[in-house]
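In what follows, structures are represented as structure tokens.
In what comes next, chain A is part of two complexes: it sits with chain B in the first one and with chain C in the second one.
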Partner chain A sequence: MNRYFYYSFVMVAMLNLMLFVPSVLLSERTTGAVSSMLVAIVVGTLTAYAATSALARYPGRGVPEILRLRLPEWIVKMILAIYAFMFFFASSFALIAFTILLNRVLTPDLPVWNLMLILGVLCIYGSTRSSMTLLFMMEITILLLTPLVLFVLFKGFRSPDVAWNAIYAVARYVNVPPTLSSIAAGTFIFTGYTNMAIFNRLNPPNFRLKGRWLIPLFGSGILLTTFFLPIGYHGTMAVDRYTYVWAQTADSMTMSFGFIERVLFLFLLVYLGLTLLYTSVGWHQSIEFLRSMSKSYRFEVDFSKTPKANWWISCVFFGICIASMFVLNEQTNQIIAERWLIFRMFVELATAIFLLVLTRKRPAADAMGDSIGSTQGDAMGDSKGDSKKSAKGEAKA
Partner chain B sequence: MSIYKISARFLCLLLAFVILVPTTGCGFIDIDKRFFVVAIAIDKSGNEKKPYRVTIRLSIPSSKTEPGMEKSQIETIDAKEISEGLRILKSHVDKEIDLGHCKVFVLGDELARDDITSATEWMIRRRDIQSSAFVAVGYPDGMSILKKMPLSERYSGNTLFLTFGSDGTKSSFIRPEKLFDLFRRINENGMDPYLPLIRVSKNGYEVDQLNLLDKKRIRLLLSPDETQLFNQIDKETINSTFKTTYKDNSVMLAVTDLRVQYKIQRLPDGRGKLSMHIHIGGTIEEGPSDILSLHSEEVERKLGQDVEKNTIKLLKRIQRAGVDPLHFGLRYRATHKSSTAFEEWQELYPTLQFDVHSTVRIQSAGRIH
Partner chain C sequence: MLQAIHERFANASDVKTHRMTNSQFSAEIAYIATLVDESKVSELVLIPFAKEEVPFNDLLSSNPNFSKLDDSARWTDMMLRGFVLIKLEATIYTMDAARVIRNTAPQTTVESTIEGPQIALSEDLMDSINIIRSRYASPDLESEEFTVGSLSKTRVVLLYDHTRVDPAVLDIARLKLRSIQTDVLSASGELSKFMNDNRKRLFPVEMITERVDRLTKGMSKGKIIVLMQGSMFAILIPITFTELMTATEDRYESFWTSALLLSLRFIALFMTTTLPALYIAVISYNPELFRVQLAFSIAGSRASVPYPSFIEVFIMLFMIEMLVEASVRLPKYIGSTATTVGGLILGQAAQQAGLVSSIMIIVTSVMAISNFVIPVYSLSLSVRFIKYPLIVIAIFFGLPGVACGVFALLIYLCSQRSFGKPYFRLVLPKDWKDTDIGEVKSK
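And now, the complex of A and B:
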């Protein structure tokens, strides 16, 4: 199970390499982004550690179940609604932003909502699958795409076109005090752990998360790359003039002996895969949160027949996305993204602390024995018999 | 029950397909109905109302790819704006014009001596133009460069691609400039743009000189020798040569190892000093006999002196023109206090002193000694 956590982490980190985070950071490159990134590495790592430690005490249960253990029902319902919205918003916004980007760069003749139809339908299908299927989907996609992303980044850093002096010149602004929006943008790289909110249901009772030192290592690597590599390519001034700075950076590289010379197209395809995966996973989390609002809901981590509720909720998400395509554009997206990044940082910080407090009294060893006998025992993903039982329970509800 | 289920599924599938129908759009045009532009030249027309002359070179595909057999179509138009010119040109040809393979942009000399900003902004703004395309200045104008059909060309535009790209010739006199780099240099504090100069020769093109620009227009044209030295200092280009004379014999050193280090200091009296050290290692390609055993040290010293003298001369010439293509300013910003560094640099640069040292090591004398 360990590796699934890291797939989720890598997925979010790599996705944010391209969307929103670089543009927020780069616009503040001389007014505090560099020091903010250092703060973000610390804050992001600590939040991830706190949240994963808290969840590790309740293997086999997602956040809805953990909340129900201690809190009155109406608070749980409210919190779950907020989380459902957060996940829906984050993933839909990524999908919308990427669709607009794809439309601008690849298919300018196509109306943008039209492109959204295709991508959205794919996400409906992906998000209605069971949690387990999504984990497998995540594994396959990440294993296929990570080498390509790392290849592009490696190629980028090795190129003689990188002006290292520009990178050093910006790095010297490290003494400017950090800003809230830059810290918020920086911490977003580290938020892959949030998907554990639901996927924790699949963790076996004896689950221990190993290798957490990878979080600061990989996270800060991606964070520094997303900020400094575009500066290396476009200098300290021009970097701020591009609407899609990472698409532009990829376009500035060439593969003379690749099948396609322009790295941009490889990069767009890779990020198409990542965005679809991220949105599917995000919608799935949101669906699960919404359905968990009903107290009688018995979750299943693996099912053979997709529950109708999944389809309905997903279709509503899809509809909202399509509708928003008529309203949103690059400028509004940028403004919303900045505000939203700050909002979500506080929610995530609060959640991490809250979860830590909530689970503080419970020793880890206790959790193991308890979760096996618990009412939510069908959390063990491999027990197919159990999932049928809970399917009946759901039908009754 | 089951029939109902199946039909529901079928309906969903049908719905999905219906959604896909409008997405065919009008974006798709077959490859044989496209005209691939391989190079664009932008000149000044001299006409007040239509200041730009846009020339495009269209590749005509043929079944045979033999050197010299390629065919191109040249279309040219005067227009008020570059993009407008291109749109009118679309009506002059029967196929859809595709800029995706356009890898060379030639700006006319006259335009480059006036203002390149709007032409560059247009190129960088268009999404279908590659950011890694090459930009150059054509002399006397861009159109004559495009009209030249080099003898050895296997397909249209290939000669220019190979000249600037790293797959073909690797000459130390050629300094390619990519579009994104040009845009970076135009905007950057402490880094000024340059553009290579293309001339038409009998069988093809001559690219051995470099134009240095301030943010807008050409300020200085380097000679071929200076261009090579510029490449050597900036990019540490090996496979280049240094030359000197020794006892009325000319000595040529083919460089196999080149390292350039420099440091910019602010002296106590407020003036700046640039200390540069050039390490050169190479083999002798031309020179007196018995050079290695008898005159080695003497020749090394002589080579070193000449390198120092030429380098200082080049740096001073660039300094006098008021441009900074070697990005000394950026280096100063990278090594000094961030917020005030650039203003300081602008004060320092006009009176900057150059202090160049070199060490030359002759590694061998070729097949004869």
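And now, the complex of A and C:
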């Protein structure tokens, strides 16, 4: 079930615009952003590799279950609370940022809470679904939106308005030493694996993540586009003057033969879908982390009747979002985003290393016992049927 | 025996009972005349009994048409299904002599194809099973019979290939069929509703079809067929949304043709659900979405319309829904008149009278035609419904609202399960035995 991992990866990578990654990078374009991106590609890839190989040792278990295996209860509770907050914060922040953007660009005559209302209610609905539903949701949304994104990028790179000179000029600042905030912004692109924290519960026993070389390839592609394409459109200096630099970049492109002339609308549509998906998934992870804090909680990957707790937690999240709408504006958002990106990078690095250490200690016999083929690739082919049976047995037990 | 039967059918005039004697035996016979082919009764029971060519007890025990029935509680049940009860020396025998009035040579009418098989299922259960078995000649095909309806006593049969079927789905289907509580069961749609947990669902999670090729193909993929007496439609479970969007012909044509047709259908699905809502959103909130020439021509065509876009949409939708509904309900001869008159009104007069804009006419007709493209009727009805919530959202929230509505529909579709199996999913594992996500359940 490799593809679900990559959907999550692609989703987060494309969503970087809503978390002000381009703004942070572009503001430091002559003071270290270029070299920071190179560092970020290495760091991000290594973190992703570490975390995924740690999780791959325990298919069918999420991070809460893995932590409980080795750590005392009170530490687990504390860590889970931090994770729940992280997921909630990132996804709500993306939602609020996008709501403000959409209101500014598309419906300036409506009050912003009106838009927040419908987007938020939808996220409540999405996040209360089962994990399995959200994976299907992720699949269909990413597959519907990717062609549109590719089209926008194609339009972007093909356009005669792109000043390749400007891109080249900025790229020459590669020898300036990297900075912390730029590295933090760059590594965000690679953090799609974090959603596996809960979705790892759905992986079948013989799960083995294949094609991880796609992570650096795809991640650096998106990262470089995010950074360089706006420079190509707006020039080396003017690029810093926009609040929503990518909305402006998309608005610089035209489809001269379409019904819709401005690419901006296409761009907004794509990011509406992505943001709703990201927030739904993020809130869902947060809900699951919060509910996993109770030791007696038995997770279900699929249910036909939504548990009441999901609704309550999700509604509280929505309430917090609505309340913070009145406090936040673009300026505060940008400052918060910059600080948060740094904080997030450290938490994720720590988590990846911690998980790796935690799973390294796992005795080999134990690993063989309940997850066949997760680490031993060669045994996978013929053990498929057996592990399936054992999984069914476990399910019944 | 006769005494007992008379007591049980106190007021039924069509229950016939005889007491017969010949030189050796004395026998009793009981049946319901309206359900039974009486010539068969006389040929197989009365004449041999009178002629005495072979001893009658030998005949009963050697002829496979007769079978023993020990349980006296099942007498009425058997008689109601068209069996004849014969009592000879304290043993009860039954014989199937059911007479069913049926359509001859049923043709596919609801899901028609150009080149596919043209024979549909029959209203008679035995004929239907016969048709399916003759196209699926495998010893693995198994059938289980249930009786549903306390009054109608409708026979319902589950058919499946036991080497391929997913036992989890089979268990759910059996459980659902056993737990149905109703008086009268008269159509497959009713049965499918009873088999569902959520009676208020928006989309069909089972396929109701009359096409035998769909059924046999489905069975070979491990699906279960539910047939019922008195309906020429079978229910196929579990299914996915994509299967509801495919016509059987897609499998008979070349790859690229069917790929084109399938994608056309999905585009039509998208258009029929969103066009009216998009119209409202674009006209009333974001006319700048379109390129300026197009925006002007739309505004120009709306110049004579005195009210907001959503009233216009409601007028047109009301008219087109009336038209569709009328052409379904009316007899065929009047139906064409109704559509012609309606089409003229909608196409010309309404626009000239300044009630609606000409763009709205195009939107409405595209929407209606796109709806007819959906190959399965129950799905096309659901799709007809879901544009209304989208219109309401569009009225209050504009363009972002429509996008959110579509997204909400996607979430809803993804959260549906067809008999425990994923319903809206792009790629399914080839076989249910293959590993899939979400298999390890919490202990």
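Quick note on the criterion: the second predicted complex is superposed on the first by the 361 of 397 C-alpha atoms of A that agree within 3 Å, B and C clash if a C-alpha of one lies under 4 Å from a C-alpha of the other, contacts with A are read in each partner's own complex, and residues count from 1 in each chain.
We take it that contacts are C-beta pairs under 8 Å (C-beta built on N, C-alpha and C of every residue); 3 or more make two chains touch, one makes a residue touch a chain.
Computed from a prediction, not measured in an experiment: that's the story for all the values here.
When the two complexes are overlaid on their common chain A, residue A:129 makes contact with chain C while staying clear of chain B.
With both structures placed on the common chain, the touch criterion links A:346 to neither chain B nor chain C. In the superposition on chain A, A:202 contacts chain C only, with no contact to chain B. Look at A:312: by the touch rule set out above, it reaches neither chain B nor chain C. Contact with both chain B and chain C is seen for A:110 once the two complexes are overlaid on the shared chain. After overlaying the two complexes on the shared chain, residue contacts for A:326 are found with neither chain B nor chain C. Counting the residues of chain A that each partner touches, chain B and chain C differ, and the larger count belongs to C. Looking at the shared chain after the overlay, A:102 reaches chain C, while chain B stays out of its contact range.
Of the two partner chains placed around the shared chain by superposition, chain B is the only one that A:30 touches, whereas chain C remains out of contact. In the overlay built on the shared chain, the residue A:154 is in contact with neither chain B nor chain C.
On chain A, the surface patch touched by chain B in one complex and by chain C in the other comprises residues 107, 110, 114-115, 118. Of all residues in chain C, only 197-198, 285-286, 289-292, 294, 393, 397-401, 403-404, 407-408, 410-411, 414-415, 417, 422, 424-427, 433, 435-443 touch chain A in the complex they form. Contact residues of chain B toward chain A in the complex are 16, 19-20, 22-23, 25-27, 127, 130-132, 165-167, 178, 180-181, 183-189, 191, 235, 327, 330-331, 333-335, 337-339, 341.
Within the complex formed with chain B, the chain A residues making contact are 30, 104-105, 107-111, 114-115, 117-118, 121, 160-161, 163-169, 172-173, 175, 233-238, 241, 248, 251-254, 256, 262.
Note for the complex: chain A touches chain C at residues 1, 3-4, 59-60, 102, 106-107, 110, 114-115, 118-119, 122, 125-126, 129-137, 139-141, 143, 201-206, 258-261, 265, 269, 272-273, 276, 280, 298-302, 304, 384-385, 387-388, 391-392, 394-395, 397.
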